[in-house]
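In the two complexes that follow, chain A is the common piece, with chain B as its partner first and chain C second.
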Partner chain A sequence: MRNKRNWKIEILGILLAILWLVPFYLMFVNSFKTKKEIFMDVTSPPEKWSFDNYITAFKELDFLQTLFNSLFITVTSVVLIIFFSAMAAYALSRAKSRISTVLFFLFVAAMLIPFQSVMIPLVTVFGQFEMLNRGGLIFMYIGFGASLSIFLYHGALNNIPRSLDEAARIDGANRWQIFWHIIFPMLKPITVTVAILNIIWIWNDYLLPSLVINKTGSETIPLKMFFFFGEYTKQWHLALAGLTLAILPVIIFYFFAQRSIIKGVSDGAIK
Partner chain B sequence: MPEYLALHYLYWKESEIVAKLLMDQLTKSYDNKTQAVKDFNLEVEDGEFIVFVGPSGCGKSTTLRMIAGLEDITSGTFSIDGKKMNDMEPKDRDIAMVFQNYALYPHMTVYENMAFSLKLKKMPKAEIKARVKNAAEILGLMDYLNRKPKALSGGQRQRVALGRAIVRDAKLFLMDEPLSNLDSKLRVQMRTEISKLHQRLKTTTIYVTHDQTEAMTMATRIVIMKDGVIQQVGTPKEVYDQPVNMFVAGFIGSPAMNFFPGRIEGDYFITGQTKLWIPTGALPEGQDKKEIVIGLRPEHISHTAHVDETTVSVKLDVVELMGSEYMVYGKLEDQPFVGRVEANIELEAGMVFPMAFDLEKARFFDPVTEERIK
Partner chain C sequence: MRTKDFAYWLFLAPVLIALTLVVIVPMLLGVYYSFTSWNGITTGEFVGFQNYINLLQDERFLDSLWFTTKFAIVSVILINFIGLSLALIVTSRIKTSSLLRTTFFMPNLIGGLILGFIWQFIFIKVFASVGEMIGMDSLQVWLSTTETGFWGLVILMSWQMAGYIMVIYIAYLQGLPKELIEASEIDGANSFQRFRYIVFPLVAPAFTVSMFLTLSNTFKLYDQNLSLTGGGPYNSTEMVAMEIFNTAFVQNTFAYAQAKAIIFFVIVAIVALFQVYWNKRREVEL
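And then the complex of A and B:
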């Protein structure tokens, strides 16, 4: 009985895995084909495995610079989001005043505002401060990322007994030390969640950088990728090679981080 | 730290200087409306083990937290060794505290938990090691130093919490219901361990509990509180034998003291149809013809072989065998009571049984003010 059920689940799992992997397969094999080959047969492997597409895409994308831009913007934003959101959520969860309740609900409400409705005024204001650059972009990401992150941290913090704060206070720690030595390490599972959510979003984001970044050499990967899709032609072969290059860092990151991500999530039990 | 210094430290630890506390008219109120603690006056001598006891919400924990510096003092002064502490940060008060839920840092090992406060003080590593080792030896935690709190039992966790207090070498230990998360057997064991620890370290300790047994067994002096007001301060024997009012009399002792409302007629106590003789000298003067409440502890209501003016035949509603004795539950003129009978006879519920009410040991209370009449 039990074996039979496992068997069924296994089949389902394999089917799901294939479904998930098909796009990756298509991206991978087609990135080695010429444009003509792609339009003749999308699914078959290339006749000749050639790295020409990759070389061209690498140059066209100015890959190292673009990768650096994406990495710089993503890592800095995520680190700062974690830094500020965790501390803000801590302050909001520990200070039980009316102001902190109002502030918390403001942050939660901010999650509901569609980005499209604020983007034009936002860009106008930032333009006046001459902040339409990578620094300005990071600043905006902190603002947009904070609400969800604060919400998640706030929930976790409410489950950490206050007596831990008090014990640390009596042990001689100041607020900064209480937070960074005692509270923040206990938030690891949530920090991992917050990091993943924000990395995925910022790494893949197209709209905000397209509005903010207007200088050659500052573009992120999604922005640069757009150059393969002209008004009249779509250079699929180069785009797919570029995409493969672009997801490599993420895959490598996940490969190395996987163990600590899973551990971080399962370590959640405080008691 | 070199060996000789470590030895010096251990020696010094055993002969530590302890603290004298003064709480003068301490008050705590929230929003200037509800008063959690009212006019709290207490002087604590060096090395005392003071227990604050009372029902939940009586202000005992609030008082402790004011002493710790975790709550602001609304008015009054608190001082240690003559130094006013009201506005001092907890860390500057030279205190250590043990919490009900242990409050161990879950991501740190036992060693790191105990060493945390010393690290913050920037103490040399060798000295931290010596201190933690010393505390771990006292508490039998040497084998667990590298474990995380998650991997410890409740009793071991509580010991780590104590260890965290010991390494500090604080002048004053504060304990907030430290045993209430443990099962009853472990609680008794840890109770003796804490008492032993106190005898060894002689550190002034303030201990909060709602359990009168803990208070009776551990305290040098007990502070009984109700509704934010101190009812009585005294040694366990004093509060047990000489309770100042019905609240203290009923709170201290288990099972609780029995109360019988009635009237005094000459040498007799009259309740309903029952007339009990009061031995000469037991009754305070000037009570004749007055309404009164008699308080009698269970051990003073017992079985007797000969019937006289202190005995009443009572139907036993419930009989509990405790091993060496029975707890018998019955009613005297509709007033339920508990008595203690030695287990050398056979008793059963439903029996009608002569019980002796030893009014020589009785305490007399005013039915209106509930104060004791002396």
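And then the complex of A and C:
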């Protein structure tokens, strides 16, 4: 193959990338300005990099508490989704029968149901059982997240030979030991994919927590951001500082795990 | 493990219970409620198809359905076009390939609600001040008219989702057999012919995946709609998901909202199944 680089394409790509970053640039530079400065000029960097807006936004968002709420809900839900989905997919892939086929189909078919179609009865029923709280929310995430995760695990499990299970059984391992010590570690690549897809979804989810969490102090970042934005609609300097703060954890996560994230998202979409 | 083993059911129990209580029971209840006059407090009585008959004459609902359809069609085309273009750019022989990939993909990690707020600032503040600078009045009114609200949503979604779709196309482009491309080069195919007759048919499976993802994401859009336009002006940019939410929780007509939600499900399911079927038929077998 010819070894020439495509300069024109490269320049086009770089220009597009700059265009892609413009919204973030505008958010960032204006978050350091005063209200008056934004009014005068939105495109250039601030005259003075003042953190005043951030101090206000940090306090108003109750940032550490909100960040902790998001972390707690996301981590707990994702760990449980991984664990329970892998177990279920293992059972479905190892016991080949009509029941397994029907159950697998049920999980896949559930993916077609839009959230809005179950939203109203879900909230009413859970409300009657006093389950509109963090525990209820995590339980709901398991219900909504299981389908795709089981689907992904099921595909990966079909590629692990059953002779492995049998060998372990002859050596005296029970069902649980076979799953936990032999099969689950072999599923690590798909576990990363499942984890990343669920983290992105749950971390950013707004509608479900907005219906379930109604206690002040338990809000996740998107939820708190919605209220914060509503309060500061005409005060862009504060709103933008809040938005930058809200995005920061994601950017840090992306910086350290970008390779796995892009791979996970692409594997999850294709399989 | 066999299906009559106790262990089988033990392994399945947690997700089966969760799916049943969170998806299956609410879905069945939802179908039932859609035939009643339930308002969330009293169970209401059985009204047959009355809710469904009413929604056929509900202009606000039909408008939102039409707006959503237009938005989905325009967005699907644009997102796939931009996504495939970006994929072709970053998979060509360039130095900055991985940096560009990282940049284009970044908006996908951030929630739609937050992205909508950022773009609200851009459309309202930045567009207005740039418009003033260069003397273009049309930049002053963004998001305050139906048209600009529509294009605002399209721009936001294209910017957000193109990088996601790019990643999918990249996966398929990298799976292309190199020999085939080289053979076509030797046979004297130019780059357009190579794309049209070799790359394009071979990445057909990527279209199935990408079209499905973009269509379902744009049709079910809620967060971005809420934070960018909030449905305004005068509910003219309200999409189906938001219309259902408002019918339920603003107007408190639960059963009626549920009937709309069932129609919404039927449309989403038909589109999804039809699309998978149609795309599978024309995929090239390797």
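Basically, the second predicted complex is superposed on the first by the 228 of 271 C-alpha atoms of A that agree within 3 Å, B and C clash if a C-alpha of one lies under 4 Å from a C-alpha of the other, contacts with A are read in each partner's own complex, and residues count from 1 in each chain.
The definition used in the following text is that contacts are C-beta pairs under 8 Å (C-beta built on N, C-alpha and C of every residue); 3 or more make two chains touch, one makes a residue touch a chain.
If you're wondering where the values come from, they're calculated on a predicted model, not measured in any experiment.
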Chain B versus chain C as contact partner of A:P161, first or second or both or neither: first
Touching partner for A:R169 - first (chain B), second (chain C), both, neither: first
Contacts of A:A95 with chain B and chain C, given as first, second, both or neither: second
Partner chain in contact with A:A239 - chain B first, chain C second, else both or neither: second
Touched partner set for A:T216, first chain B, second chain C, both or neither: neither
Touched chain A residues, chain B compared with chain C: C
Which of chain B and chain C A:I182 touches, first, second, both or neither: first
Footprint overlap on chain A, where chain B in one structure and chain C in the other make contact: 269-270
Touching residues (chain side chain C, partner chain A) in the complex: 1-3, 5, 7-8, 11-12, 14-16, 18-19, 21-27, 29-30, 33, 40, 86, 89-90, 92-96, 99-114, 117-119, 121-122, 125-126, 129-130, 159, 163-164, 167-168, 170-172, 182, 209, 213, 220, 222-223, 226-227, 240-241, 244-245, 248, 254, 257-258, 261-262, 264-265, 268-269, 272-273
Residue numbers on chain B that touch chain A, as the complex places them: 68-70, 89-91, 95-97, 99-101, 103, 105-107, 116-117, 120-121, 150, 164, 168
Interfacial residue positions of chain A with respect to chain B in the complex: 161, 163-164, 166-173, 177, 181-182, 185-186, 188, 269-271
Residue ranges of chain A in contact with chain C within the complex: 1, 3-6, 9-10, 12-14, 16-17, 20-21, 23-24, 26-27, 30, 38, 41-43, 80, 84-85, 87-88, 90-92, 94-95, 97, 99-100, 103, 106-107, 110, 112-122, 124-125, 139-140, 142-144, 146-147, 150, 175-176, 179, 200, 203-207, 222, 225-226, 229, 236, 239-240, 243, 246-247, 250-251, 253-254, 258, 261-262, 265-267, 269-270
